[in-house]
Every structure is written in C-alpha cells, then in structure tokens.
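The following blocks contain the structures, represented as structure tokens.
Both complexes below contain chain A, partnered by chain B and then by chain C.
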Partner chain A sequence: MSDKTEREPEIVGFACSYCTFKASEMAGSLRMKYPEKVRVIQVPCSSRVDPAFVIKAIFEGADGVFVSGCHPGDCHFIKGNYYTRRKMAALKEMFKAFSMDGKVKLFWISAAEARRFIEKITNMYNELREEKNAGKKN
Partner chain B sequence: MKAGIFICHCGHNIKHTVDVRRLSEYFKKIPGVEVAIDYAFVCSEPGQDIIKESIENKHLDRVVIASCTPSLHGDLFKDLLKKSGINPFYLRRVSIREHCSWVGDDIEANTEKAKRLILSGLYSASHYIPLEEKMVEVNKSALVIGGGVSGLNAALFLAKMGIKVYLVEREEELGGHVRLLNSVWPSKRSGREIVAEMVDELNRLANVDIYTNTTITNFEGFFGNYQVTLKKGEDEKKIIVGGVVVATGFVPFDPSIKPELHYNKDKRIVTTLDLEKGLETLEISKKPRVAILHCIGSRDETIGKSYCSRICCINAIKTAEALKEKYPESYIESFYMDVRAHPKGGEEYFESVQEKGVLFTRGNVAEIIPTDKSIIIRGEDTLLGEVYEKEFDLVVLSIGMSSPVENKALGQLLKISLDKDGFFLEAHIKLRPFDTAVKGIFIAGSCSGPKDAEESINHGKASALKLFGMLNLGYTFVDPFISYVDPKRCSGCRQCEEACIAKAIKFDEKLRIVKVEEAACMGCGLCNATCPSSAISLKGYFDSYISDEISGLLEIA
Partner chain C sequence: MQGKKIDKEKLRVALNRFVEKQNQIVYGYGKNGIFITHKIYTDHVEDLSLFNPYFGINGATFFYRVFSKDIKVVMLLRPCEIRAMIELVKLNQIEPETITMISTDCPGTVSLKKAKADLPDDFLEIQKAAEKDDGGLRWACKFCREKRGVFGDAGIRVQEDGGMWIFPYTDKGSDFLNLIDEELVEYTGKFVILESMKTEPFVTDMDTFHKDFSKCILCKNCRDMCPVCYCVDCLFNGDEYLPKGDAFINKMLRTGTENLPYGKEIFHMIRMYHVSQTCVGCGACEEACPQDIPITKYFKGISERLQNLFSYMSGRDVKETIPYLTFKEDELKDTED
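And now, the complex of A and B:
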C-alpha cells in the first residue's frame, strides 16, 4: 500500500460453504483484487459461527470480523441464516456498549456475487483503515 | 502429530505471486511438521507420488495441501490418503490460489498471507480425529426436469445406458422452444421434426416415464436417494431417484417490457420468434422495407441484462435470409452493435447473407416512431458517425434469452444457486460447467445461460454422462460431517433440539439428555453454535478446529 507507515487493519471473515465461500472462489478465479489482510475461514453454514469465535478473533487482534451467509430465504440449510442474524444482532448490541460495533459485520452474499463480495469486504476494510489510522490525523 | 505440508506452485499461478520456497523453508522448522515440500503441480502423478511416499516413509498422520481451492479436484487427495493407508479425514486443503495468489499482487504480502493460511490449516488439522464415511447404495434412476432438447437428450442418454428415467415437463408437449422453430440453423430443418425424432426414440425405450403437465412440489434427500413429489393436476406422486438433471431452459425476452419498442401495440412490429410461425402470416407488400434490430433484451443495462444471448445475431441473419428469399425485391437492413455470429460456420453464413443483398448497419436504433404509412427509425451509424432516419414497413426484433422466473423457486427447492441473471449457476464456470454445488444435481442446456440448440444438446448429453458415471458406480459415501453429543456435558436443556431445523435432535426421556439421529442431520452446525454447555459438536468443524484456525491467522509470529 502507498504509505508505508500506514497501519493496515486485519479482517477475519467466516464464509458459508454454499454461498459466500463460493463467491470468494469465483472472485479468485476472476482475478479480482482485495487487501491481503482480509482472510476467510470456511464454515458449513453461517449458523455454525458461534459468537464466541467472533469475540475470540477480536480478542486476538483482528480489527474486524465479518460473518457472511446466503441471502434470507436461500439458506442451503433452510433457515440457518436467520439464527445467524439473531445472534449477530445480539452480539452487535453488546459491542455497541463498548463502541466497538463497527468491528463486526454480517453480510448476505450469494454464490454468484463475487463482485458484491469484493465490494463488501473492501468497504469494510476502508472503514476500518480510517479508524486504525485515526491517531495520525492532524 | 506428524504433519506433511505440500505447497503447490500450480505452474506459475501460485509461484508467480507467492514465494513458495520461503514457505516450505519456514514450515520445515515448525514443530510437528515432518516434511514441507513445494512442488510444481501437487495434483499431477509425480506430485501425488511425492505425497504418498512421504506419508509412507515418514509415517505422516496429517496432510496439509496448500494449492487451489478445496472444491476442486473432487476426492483425488482424499483417495490418495486412503491409498497411502491413513484416514482420509486427516487431510487439510488450504486455498493459496483463489484466496491468495490470484487476489493480491504484492509478493511480500501474499507470502505472509499464504503463511497465515497454511498455519491456520495446520493448527486446525492438529485437532482432527479420524472419521468413517458411510457407504450407501445409490438408486440407479434419474429425474430430468424439462423436456426441451437438452432435457430430451439427457434423458435419452441415461435411458440408453440402462438408467431408469423420469422426465418431467411442465407443458402439455415435449420439445421446448425448438418445437416452435420453423427452421433451425444450421441444418435448416424444422424444429418440430427434430424434436419428434427425439421424442419417438424416447418413447421406444421401456425404462422412461414421461410426465407432462407436471411440476415438482417437494424435494428432499441426498445423492443416491432423492425423494421427489410430482404434481399433475390434483394428483401427486412420490418417486425416488439417485440424481437429477435440471434442463428448464429459457424464456424468450418479452419486448413489451420496453414500451418504446411498441411491441404488441403495432402489428408491423414483430419478433424473430413470431416469424418462426412462418412468413405467410405477414400482411406486407411484395417489396417490403424491413428493419431487423439486434440485441433486443440483451446487452442492455437499462433492463439489467448485460449478457449477450448468443443466438440472436444468427437469428437476425436467418430471418433476413428467409425474407430475402421470399421477397427478392425487398429492402432489408439489419441494425447491430457488433455481429456475434457465434457458432462454427456463423461468420461464413453472415457473409453469404450480406452477398444476397441484406444491409448491415452498425449502430443500435435509438427511436421507433410508428406512423400511418410507415415506421420511422432513428439512430446513429457508429461507423460513419452519422445520424440516420429511415422508413420501414416491418420491424423485426431479434429477441434474446431470459431466465424463467420460476428458477428461483426451483432453485430453493433443490438448494441450487442462481447467477446474477437468474440462470442456474455452474459449480465452476470452466472446470465444472455441468455440475451444481449439490452432489448429484446437474444442469443442462440454456437453463445455465444462453446456448443454441446444438450447444444445449451437447450440454445435456455431457451432464447425463457425468451423472451416469456417478449412478453406475452403485454406491456413494456420505460425508461424516454430522453432529455428535457428549453425554457427560449435555445438561438436557434442549436448546439445540429447538434450534435444529432438520428435527434431527431427539430428547431421551430416560437419560434426560439429547441424541442425534444421524440420517436426519444435515450438518449445518447450528446446534453446535447454540449449545450453552459445548456438549454437541459438528464432526469436521469442532470448536477446537475453528478456534485454532482463528489463532493461526492472528497470533503474533
């Protein structure tokens, strides 16, 4: 990246095998680019993501964590993603108390949406980069 | 743990932007790693030999392969572990191509990322336990959804190979859109005849059941044993099939979506499909002036269809030729963006029709103005850089292919995905163009994107061949990724039971804890993430696996 002293945020993503992980594969096949510090963990369904994993990632140094599954109604496991939505909403509420809710995001990205995958993670990365370099302003 | 790490160069694909040698040197020093090798193509035969020999000679009990994305190569590496005498679930695939070398250009950053990804895989694999795959019988029968040329040919191929076939068609008659074509390019035979031959052949085969006017209302199960409910009128019927070919085709673009085309409002504006009924229906003079408009319903961002329909240039040319033959004194002008006479022989055909006196003008039509005595057409000739305004007696819209809206419901029923244009999505556009992400469900013909008849037929046959290979084996292994309850930890709170969508968790009244019905478990892991006592775990995705994967990505190293 351009400025060598700039701090780059690290992002860990949990991606459902049937949709977002496929989109990330397609993004790769199409040679789309995104920041190297975004790394993805494959899970069978977004509902497998225990909120504890999100907390753990933040605890161990991630600047942001996203969980991404199929669009509502399209879940391979019928409605696992509704449970994910509920859990993530509760988690976000908790993080809000510490002004940390910007660190967690929930996305719906289907297998066909490689471009959306890139957009979502790049936007998240850019937002977090702003924050991470806040001390350098002025 | 005795782990082996095999890092693939993938020719230049990975090596180009990842320092593979630095990685293998790094991993050699990690405790628990017996071998770390980087090699040009780990999937090649010599590559596989290296892995097999390493397993045997170094007594490896974990194999981490850092290469392309795990959904590629099927069971190749799993089988290799089996052949080398260790449990196939000691395998860990790490994607350093689709998720690393192809998505970043900076070799330093990529190498660091690849290191992290492999470390994660290694940490996760250190917790792996051996799993047993259950072998189950496969029903040697197939469901083909859609009786167009792609579905008909898939059904024919499977039936001839001895597979019991259920062919389901929503309409009264088989044949799909080809049945409606007066002349099918390049053979120029009647579509009705072509389809009739296929249907006759199918009817002669004893192991084919054809259901017309029928739709699918329920779909459950897994490869080898899908339970399907068919509905015809009020009657419902349940069948069991081993696999499925989806061949639901396309719908012709409806030009009335764009009011500026005046379709359905003016009789002098017709589509290429209307003309397939025969030119006899036209009420025009012996010297008609005809405009043919390309790309109607394709390559048009204003209606969200950016794709090329592939068939409509040929259709425009075919229509021009037919009109010129019937009305030798006609004036025919075709307006295009660029001519994509796709299949073999298309370019030559395009030239021959130009020689017959059909004019081709580059520049899409901007405006159609019907008046009493003619239809005025305005646009810009982009070759000459001039604006044109011309009068015609007939306007032919060369319409493209759209996806059926019902694909969404069918996709949800079968749990297969759609692409951004509503066509069914291939598991991999180049490497697995016939497969969906679901094992045993294939796609054929124009339901996965615009194709002409010949391409649809071949696609249908190829999908059928792939399915046949799987059915003919007679057995399959089911993934052992199902939930498991630790009786010592379960408090009997039943939260998992309430959450489980598959109703796979049952409360044991005597023991006062839950148990999992293995056959019903879908392997989603929701129960695992729900249990407050960490008592229920999804095999293959234990908490420890994922937790250490996170550490691998983030720990200070």
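And now, the complex of A and C:
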C-alpha cells in the first residue's frame, strides 16, 4: 500500500536561542526554504539539552534529531557548548554501539550563518529520506 | 610498595581497637543465617568475613547521603563497591572525611538469587569452588574490569599462598594501619589477582536490545538498586517520560506504539546514558531484576565504551572529575557533522 508513496522523515532540532535560532529567523526573513518536517525547538543554550530529550524524541517517533549551538568559544554563557560537545560525543558513541549512527547530529551554526543552517538541515533531511525510502523504489 | 602482612586475627584485633571507641563503626561482611551479607559492627567485631562469595546488593547503596561528621566508619568492601562510593563522593552524595574505605581483592561472586547456602568465606577456598564447577560466577564478575583491591584509602591484597597484605594509599589509610601491630615492610612478591583482560568495544543493535528487554515489566528495581543512580527526584517519577491515564492514551495514538508497558526503551536508554560515566559494572541491576534480563551486559558495555572516549575509569581516583562536568578546549574536533 505504502510502497509507492514517498515517506517523509521527521526531524526535531534543539537550537540555541543566541545562535542557531537567530540564524533560522534570519533564514525566514531572507525567504529561504527548508523542509517542512523539521521542527526547531528553542533552548537557552545548547548545553540545556539533556541527551534524555534526544533519546525521548527518537523513541517517540522522530527519525533524526539535531542539536545546534554556537561555535566552540563563542558561547553566550562562555563555556556551555564545550559541555554540549562532550555530552553529544558520548551520546553519538552510544548510538554507534546500537548501530544507529546518523540519527543524532551536532551542528555549530552562528547567528549570521543562515545559509549554512539551510544547507546542513536540508542535507540531513535528504540523507534520512534516502535511508527511510531505501528499497522502496522501482 | 610498602605494606603490612596481616592475618584474620591481627585484623580483628585492629578493628576491635577502632570500634571500641564511641561513634566509630566498622562496615563489612558477616554471617547472616546460612548466607553472608553486609553487616555493621557497632561495639565488637567477632565474626567478620573479609571475603564474601555472594552478591546481593552493592554496599554503597546503603551509604547515600552520609554527611554526619562525628561518626567514623571503616569499610571493608569489594573493589566495585568502593568504586561506587568514590563516584558518590565525586557527586557530593557522601562526605568522605570520616570514612576510611578499604578495598579487598575479590575472587568473584555468585548470585544471591540462585546460590547454594554455606559457601566458604576464605579467599582461596572461594576461588577453588569457583573453578570446580565454573561456580556459577555472575556475568558481571566473569568480565569484571578490576578485581584488585587498589581503590580507596587502603587495600587488602592476597598473596599466592593465601597470605594477606594491607597497603595504605592515602593518609587516612596510614592512620588505620597504625592500629595494626606490624612493621611496614617492602613487598615484592606476586598477587593472586592480576590485572583484568581488556575487552572488545561493545556492539549490539536495536533488534537484540528489543528482544532482550521485551520481558521488562518496568518495575524500576534496577534503578532503585543501582549504587550510582542517586537522584532524589528521578526523571521517571513524574508523568513526563512514562505517562499515565489520558496522557498515556494520547501518546499511544500519536506514536503508534502497540507494545506495553510503554517506555521500556526510553527508560533503559536514558538511564544507560545517565549512569554511563559513573557505572562501575557491579551488576546490582541484574541482581534486582525479577525477570532476569541481561541488563549488565548493556550497561557495562556502553559505560566502558563511553568512559574510554574520555580515558576515564569510574571510581579510579577521587581527584578525577566526571567527564560530563568538565571539558578541554582542544578536543573532540570531529564531533560536529
């Protein structure tokens, strides 16, 4: 039944309100487009994201999750994203042990990089869509 | 390495000297009916079992939130229990000033759930019994990361002929050693327990995980018995992660889950992540599980993998910081996608 219809992946994103969320707002005002099924959630800092949120999102139906913050060294709270980096590195290692790599991504996107934001998210979306529809074509 | 040669009698005398004073207690193992369990000695040490062939509970579980400064404690426990204590010290759950932790060499243990009664409490006899019929050693003990008593303030190590030595590692340990009537001697011999073998990084997949945990009834015993799962207000106590009632029905309709109880994977995965840097691989979770799920395999495997990422080992040293609570500016460059 659903063999022919293309299935769209759902992506949940946690975006730092000082960098990535600003970039997404800028992308909006520049009329850039990114896939509709990407849901961006604003967090005060990327280190606010407990990996529990990511795990919960994935097991409740999201196909991919990204966590995104300022470039290392540029954190509004001085050192928040260094902690994020450690936490996400460990989480990725854990997903690798469960043979689920690719589901979690970490991006560094500053407030000025609207184009980079669109590129990264579209790439992730396309990857996940290919994975989801693998073997469903012809 | 300088240490003192001891035997059971000398240790008993020293412990009695310590315990006779008011507000000083000894925490170790002792015969309790036909089994050996944890025991607290408040005024007299009579039948202390230095080694314990049974594993029921991790001894650190009783010592959450010990802040009392006027009670002195001497602990004689296994390496995994001392390591859990050290992790709790790092997490500010224990004030370590008045606690002297002494780790003892561990010959491996059998599960208290299925064990025969009246096993011996002598080191070499336990080891002999374990070798004879494979002893039914627990999975966690077969693949133990560190069985040597090299943690805490002092350590009791066993020589190849069964003689025991005690070595101080810190000032508190030296203070305790002063109670023993022996001279400090340089030790150069061999020990029974050697460094454990390194294991391969743990790899599994979601299907196996799902199969193994399909029996789970979500009783949360594994969380309650975990020595390092210490949060007073656990994430899973509320309704957010494991919903009930209307919220539960709504979640069912929204996510399309059909298998109950809802949230098994979420519960175990999140807990696995949360204890990843502090897990000591003692296997208390598996011991507490009423469904005999091989929990330790996953928790120990994942935690060792994640600790290797930061070249960290839980409970190795009080001075080390838990990796999630610190950082280096120049590291993990390839984490970004």
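To be clear about the criterion, the second predicted complex is superposed on the first by the 132 of 138 C-alpha atoms of A that agree within 3 Å, B and C clash if a C-alpha of one lies under 4 Å from a C-alpha of the other, contacts with A are read in each partner's own complex, and residues count from 1 in each chain.
Criterion: a residue touches a chain if its C-beta (ideal position, glycine included) is under 8 Å from a C-beta of that chain, and two chains touch if they have at least 3 such contacts.
Worth saying up front: this structure is predicted, and the values here are computed from it rather than measured.
Undergrad: Does chain C touch more residues of chain A than chain B does, or is it the other way round?
TA: It is B that touches the greater number of chain A residues.
Undergrad: Taking the superposition as given, does A:Lys105 touch the first partner, chain B, the second, chain C, both, or neither?
TA: second
Undergrad: Would you check which partner chain A:Ala27 touches, where first means chain B only, second means chain C only, and both and neither mean what they say?
TA: Once the two structures are laid over each other on A, A:Ala27 reaches chain B alone.
Undergrad: Scan A:Met88 for contacts with chain B and chain C and give back first, second, both or neither.
TA: second
Undergrad: Given the touch rule stated above, what does A:Arg7 touch, chain B (first), chain C (second), both, or neither?
TA: Once the two structures are laid over each other on A, A:Arg7 reaches no partner at all.
Undergrad: Looking at the overlay, what does A:Ala97 touch: chain B (first), chain C (second), both, or neither?
TA: Only chain C; A:Ala97 stays clear of chain B.
Undergrad: Touch check for A:Ser47: first (chain B), second (chain C), both, or neither?
TA: In the superposed model, A:Ser47 contacts chain B only, not chain C.
Undergrad: Which holds for A:Lys79: it touches chain B only (first), chain C only (second), both, or neither?
TA: A:Lys79: touches chain B and chain C.
Undergrad: Just checking: does A:Cys19 make contact with chain B only, chain C only, both, or neither of them? Give me first, second, both or neither.
TA: first
Undergrad: Touch check for A:Lys132: first (chain B), second (chain C), both, or neither?
TA: Touch status of A:Lys132: no partner.
Undergrad: Could you tell me which stretches of chain A are touched by chain B in one complex and by chain C in the other?
TA: 51-52, 56, 60-61, 73, 79, 83, 87
Undergrad: Once bound in the complex, which stretches of chain A touch chain B?
TA: On the chain A side, the touching residues are 10, 12, 18-19, 22, 24-29, 31-37, 39-45, 47-53, 56-57, 60-62, 73-74, 76-80, 83, 87, 110-113.
Undergrad: In the complex of these two chains, what residues of chain C are touching chain A?
TA: Contact set of chain C toward chain A: 201-206, 209, 235, 241, 251, 254-256, 265-266, 269-270, 272-274, 276-277, 301-302, 305-306, 309-310, 323-324, 327-329, 331-332, 335-337.
Undergrad: Which residues of chain A touch chain C in their complex?
TA: 51-52, 55-56, 59-61, 66, 72-73, 79, 82-83, 85-94, 97-100, 105-108, 120, 124
Undergrad: Residue numbers of chain B touching chain A in their complex, please.
TA: Answer in residue numbers: 69-71, 95, 97-100, 102-106, 109-110, 112-113, 116-117, 120, 411-412, 415, 417-420, 425, 428-430, 437, 481, 499, 501-502, 522-526, 528-530, 538, 540-541, 543, 546-547, 549-551, 553-556.
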